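Take a look at these structures.
One chain, chain A, links the two complexes that follow: it is found with chain B in the first and with chain C in the second.
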Partner chain A sequence: MWRYLFSRITLFMATSLVMVAVLFMASGQFPVSKAYSLSGVQYPTLEQQQQIDQDYQLHDNQLLQFTAYLRQRLSGNFGISSNSQQEVLEELEAVLPASFELSLFSGFIAVFFGVPIGVLAALGNNKALQRSILAITLTGYSIPVFWLGLTLSMWFGVNLGWLPISGQINLLYEIEPVTGFMLVDTLLSDSSYRIPAFHDALLHLILPAVTLAVLPFTLVVRITRQAILNVMNQTYIRAAEARGLHTAKILLRHVLPNALIPVIKSIGLMLGSFASYGIVVEVIFSWPGVGSWLVSGIYQRDYTVIQAGILAVSLLIIFLSILIDLLHTAINPMSRKELYASN
Partner chain B sequence: MPRIKIYQEDHIASPMWRMWQTFSANPFAVIGLWAVIFLLILTIFAPFIAPYSAEMQDQQVLLLPPSWDPAGTVEHFLGTDDLGRDIFSRILHGVQLTFGMSLLIVAASLIFGFVIGSLSGMMHGIKSSVLSHLLDALLSIPSLLMAILVVAVMGPGLNNVFWGVGIAMVPQFVRAIHLAVHEELQKEYVTAAKLDGANSLQVFWYVIMPNVWDVVIIQVTMAISAAILDIAALGFLNLGAQAPSPEWGAMVAQGLDNLLLAPWTVTIPGVAILFTVLSVNLVGDGLRSALAPIRN
Partner chain C sequence: MPVIVKRWYQQMSLCLSSIVLAACGQVQLPSGLVYCSEGNPESFNPQLVTSGTTIDATSHQIYSRLVNYSQEKAEITPGLATSWQVSDDGLSYVFTLREHVSFHKTRHFTPARDFNADDVLFSFNRIIDPLHPYHLVSRTGYPFFQSIGFADLIGYIEKVNDYQVIFHLTRKDASFLSNLATDFAVVLSAEYGYQLLAQGTPEDIDYYAVGTGPFQLSQYVKNEYIRFKKNPVYWGPTVEIDQLVFDITPRSTARIAKLITGDCSVSALPKAGELAVLDQHKDIIIDAKPGLNVAFWAFNTQKPPLDDVRVRRALAHAIDKNNILDVVYNDTAVEATGVLPPASWAYSKNLSPNEYNPEKAKVLLHQAGVSNLSINVWAMPVARIYNPSALKTAELIQADLARIGVKLNIISYDWSVFTQKLASSNYDSVLIGWNADNSDPDNFFTPLLSCAALASNNNRSRWCNKDFEHLLTQAQSVSTQPERKAFYQSAEAIISDQVPLVTIAHAKKVVLKKSNITAMQIRPYGGISFAKTTQAIEGTE
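== the complex of A and B ==
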């Protein structure tokens, strides 16, 4: 296991390095001067220009420039946003928690509802119910997320007027950011309106989270169903049935732990498209997260914001997918065996 | 001279034929197949079928509802948008941009992914791992972010969608083909072929590939539906196809201003995307379940 952990950490380092290299090469190709695209200062004074040249070693060769770039980014210098003149790192820290809140919540919805429905689709006796679950998941998988978001906000936000359709919380409430998670912050704040504010934040979260949850939900249902059908054919299930165990016990003790292993793996593979969908959802619902920040960055040609946003999101995805890979190996000794056999 | 039947047994169907039989036994898959064929025909002939050109503006009929509405007319079957452009014609022209473009992207990235994936799959040790893991970095950039990066470098436009989505899609093909080839390479029938003296090219093409094609086919159908959704999402975010273009995602974005007044300008392109992706997914699902018994 330690050897595996070590190889995964090496892989993380190598992949992140390639990622930074790709970004470095892309930032050299932006249609502006290199000093501007790296630092975000459009009209630098002489001193600033010298500082930038020195920081990024712009007069040296590409390799030294790359190491300088890497050093700057690792030390947390992402330059300033040419649009707001703020430090990019500060802005990134402000928008990341909102994205986490949204994606955690919708991931939770997807797993919480997806797994039981997947079980139902695999084991239920009602053929019509199973078919309709499959049909619904296939449709959910094919629906364009921006259209779904618009339609949901039309119905529930405008026509019915049940749910707010933009932002993270009503602007009337003034909440001091502590953790950045609005749900937690409202509860932590010591104002008199913290309970209504929490309620309001929760209502704001529902529509974007449900829209974003549709893709992972459908995948979780389908994969859970497939995995359970596979597991049910195994001999140890028949053995458990032969011993006269109760169905619920077989399901909870023998089927689900084995069936959830491929589900975990598929969650790791899904992260990329989940992030893509998250960006679109954030834009539609004006959610103040990384996605809408990044998209407004591209509209305003804010090159430092684009680099920082892409770097942050893809590093997160690399990290999480390797983490899920590790988790998958830790709980599933079979895959470890395959791993050693292949070497 | 009639063929003489020597053997008592029935004709043994080829794997391809058996696959087709399983596939056609699933009515949903067949419906999906017909829909995809229909879309392919539209991709070629849509400009000749469409009653109006995609950009023609008729100032007399702004925001006309679809024909089944009492206020609608049959001349504009699906109604018109805020500039008086016929939505039916725009949808037809958009087939080429959204569906046709996705086919192009998938074909291009399949070729690249196939070459790199099979090379790295056939190789051993450090070379193989460098080739396959180098692309892991690209795999971790979501296609939308990749497209944003490409747009930042080259500016928005439909051509750059090709590059953005394509670059993001190549690693997926590489990965799938690499894994499949590598897995087959460990099996005993491959060793047998090697002992018979087949060189590695022969092993690859005649021994391994027949067992890898199904992975490629499944990956292609998944990639097509992902590509359609990506193209449309980029069009919607105004990073892909630009405003007058009848690309479906861009049409949704253009209809957004009149969402409350004329919801059909958003609904109809959305339904078109849903229909296309759904039919591709139905075919993909059918293929997957038809190939499953052969794979196991």
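== the complex of A and C ==
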């Protein structure tokens, strides 16, 4: 297992290095001077120019420039945003938690509702119900997220006026950021309107989270169903039934743990599209996360922001896929066996 | 169905309903007002900019001016100056200043003394005196003041005592008081300025702003919000709003949606086509007033073939303004025949407008010996009060010009890049406009088309005409309205004849607000003000 862990960490390092290299080459292609695209300082003074040249070794060859670039980025120097004149790292730290909050909440919705409905679709007695679950999930899977987001905000926001469709919280609540998670921060704040603020933040979260949850939800339902049908055909299930175990017990002890392994794997595969859907959802609902930050950076040709945004999102995806890979191996006896057999 | 699933569903529905119950419970918002604004301010000092977005966020919120202009009384009213006298020769203005006015106490600054004459000298010398320690702190210069030649106009400013200052002018200028009443002529704190200078961070004066206005700046998060707190020791009438938040929402649809869902109470710059949605929401009021603004198509008169007046006249005859009013403005604007809008006191119907006449245009082009003409037009990417969609306007003009055999290429950049590039580029023509800062008619001429404006890049036509310039000076040197009106009418005639620009429309100024917002006035010129706004407490849901 340790050896496997080590190989995965190496893989993470290597993939990230390639990623950074691609970014470095891309930033050389921006239609501005290299010093500007790397540091974000558009009109540098003489000292600043010298400092930038020195930091990024702009007079040396490409390889040295790349190592200098790597060194700067690893030490947390992402340059400044040419638009806001603030440190890009600071801005990134401000927007990351909001994105985490949204994706965690959507992921939670997807699994919390997806797994039981998948079980129902596999084991329920009602054929019509099963078919309609399948039909609905297929529909949900095919709906483009931008259309869904706009439609939901049209229905629930504009026409019915039930739910807010923009932003994280009503701005009259003055919430001091502690964790960056609005739901947590509202509860942590010591103001008198703690609870109303929490309600308000929750209401703001519902529509974007539901929109973003639709894709993983439909996948989780379909894969859970498929996996359970597979597992139910296994001989050990028949053996358990023969021993006279209660259905609930069979389901909890024998079916679900085995059926969830492919679900975890598919979640890992879904991360990329989940992230790009997240960006679209953030823009539609003006959610102040990495996605809308990145998109506004692209619109305003804020080169340092574009680099940092892409780097953050892609590193996260690489990291999480490898983490899920590890998790998958750790809980799956089959792949563990393969691992040791290959040793 | 497996029991486990059933049990799970029971628990789930219980849990969900409790969340929904909790969420739908009565929510009492903290007191305050949220305004959905359209963009980020460039700075927090209106002296340095001409952009309406920045003016809205700063001028009437954070700062006060020496004098104000009252729309109802149609006269200059006291601000930080309680009274003023003009000498007989019109060359010196004596201002008596208000006592016991305190500057904001913020995280960065605690005022040790009240507002006095030093602050006035500090604020205005910063603009006119190149040796002032803060003069060069502004990277953008002082565009409004440069375009009206303010530094040349003022000889010097004299401090008589702590509560009296004299402005000595080099020539008579009837629009001087009006210019002091504009949103740009705010008063900064000298004490704060010198404190920052000692700390070595002078540029903070335009960012962590300190003023004497009804609200003080509390927090600014770019792309998200600006938070203001009520100034507890405001010198004017008591401010009713405890907290004012500018919710920065660049998309017009998002602003309307936020207004409907109650995330904001007042919203700016709606697109005319989107107003129909509001019919089903009775609690939202559309407040429209004729505005002091003009949208125009300016030609670069220094670049051939547009340096030929016949070509410019031909282009002016070629465009169908009624079509633009219909499509772009949804008939919420009036056609512009001259630069001055009907809401200005110096307005009178232009006698010889360049009417829509494609045949005449073709003849004029033929006379000028121009054929196969191809020019570019720069169109703003964002909605402004005077033109909700410059890109659409450009497309309509493109179609009109195709009819007389002229090819038009449309060029557009992101807004912040656009204004920057406009100053340095060799464009043929640009679709832009002007929103007046005060009610003085001079505001439509000197900042836009004078030779001084040419130097500060505000003269988009790059046009400098001696007769025109002479008329403006004469109009400034007389003080009665009928006399001045006559001069401005002659100036309009020169513009019609020389066509440095084609005026398109005067738009209405529209603000959307919830019905519980009262006493909020929309002024036809300048930025928005929340000082007198009151908000009825909403009943419980």
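Here, the second predicted complex is superposed on the first by the 338 of 343 C-alpha atoms of A that agree within 3 Å, B and C clash if a C-alpha of one lies under 4 Å from a C-alpha of the other, contacts with A are read in each partner's own complex, and residues count from 1 in each chain.
We take it that contacts are C-beta pairs under 8 Å (C-beta built on N, C-alpha and C of every residue); 3 or more make two chains touch, one makes a residue touch a chain.
The structure displayed is predicted, hence computed values, not measured ones.
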- request: Using the superposition on chain A, decide if chain B and chain C clash or fit.
  value: fit
- request: Would you sort A:158 into first (chain B), second (chain C), both or neither based on which partner it touches?
  value: both
- prompt: Which of the two partners, first being chain B and second being chain C, lies in contact with A:14: first, second, both, or neither?
  reply: first
Task: Could you look at A:170 and tell me whether it touches chain B, chain C, both or neither (first, second, both, neither)?
output: second
- prompt: Of the two partner chains, chain B (first) and chain C (second), which one does A:234 touch, if any: first, second, both, or neither?
  reply: neither
Message: Just checking: does A:50 make contact with chain B only, chain C only, both, or neither of them? Give me first, second, both or neither.
response: neither
- request: Answer with first, second, both or neither: which of chain B and chain C does A:273 touch in the superposed model?
  value: first
- prompt: Is A:313 contacted by the first partner chain B, the second partner chain C, both or neither?
  reply: first
Message: In the superposition on the shared chain, how near does any CA atom of chain B get to one of chain C? Answer in angstrom.
response: 5
- line: Footprint intersection on chain A (chain B / chain C) at 158, 299, 301
- request: Under the touch definition given earlier, write down the residues of chain A that touch chain B in their complex.
  value: 11, 14-16, 18-19, 22-23, 26, 29-31, 138-139, 141-147, 150-151, 154, 158, 271-273, 275-276, 279-280, 283, 294-295, 298-299, 301, 303, 306, 309-310, 313-314, 317-318, 321, 342
Field: Residue numbers on chain C that touch chain A, as the complex places them
entry: 1-5, 8-9, 12, 19, 22-23, 25, 27-32, 34, 221-225, 227, 243, 245, 247, 249, 251, 254, 257-258, 260-263, 277, 414, 416-417
- request: Give every residue of chain B touching chain A within the complex, in rising order.
  value: 133-134, 136-145, 148-149, 151-153, 155, 186, 225-226, 229-230, 232-233, 236-239, 249, 252, 256, 259-260, 263, 266-267, 269-270, 273-274, 277-278, 280-282, 285
Message: Using the touch definition from the top, list the residues of chain A that touch chain C in their complex.
response: 83-84, 86, 94, 112-113, 116, 119-120, 123-126, 153, 157-158, 161, 163-167, 170-174, 193, 196, 199-200, 202-203, 206, 247-248, 251-252, 286, 288, 293, 296, 299-301
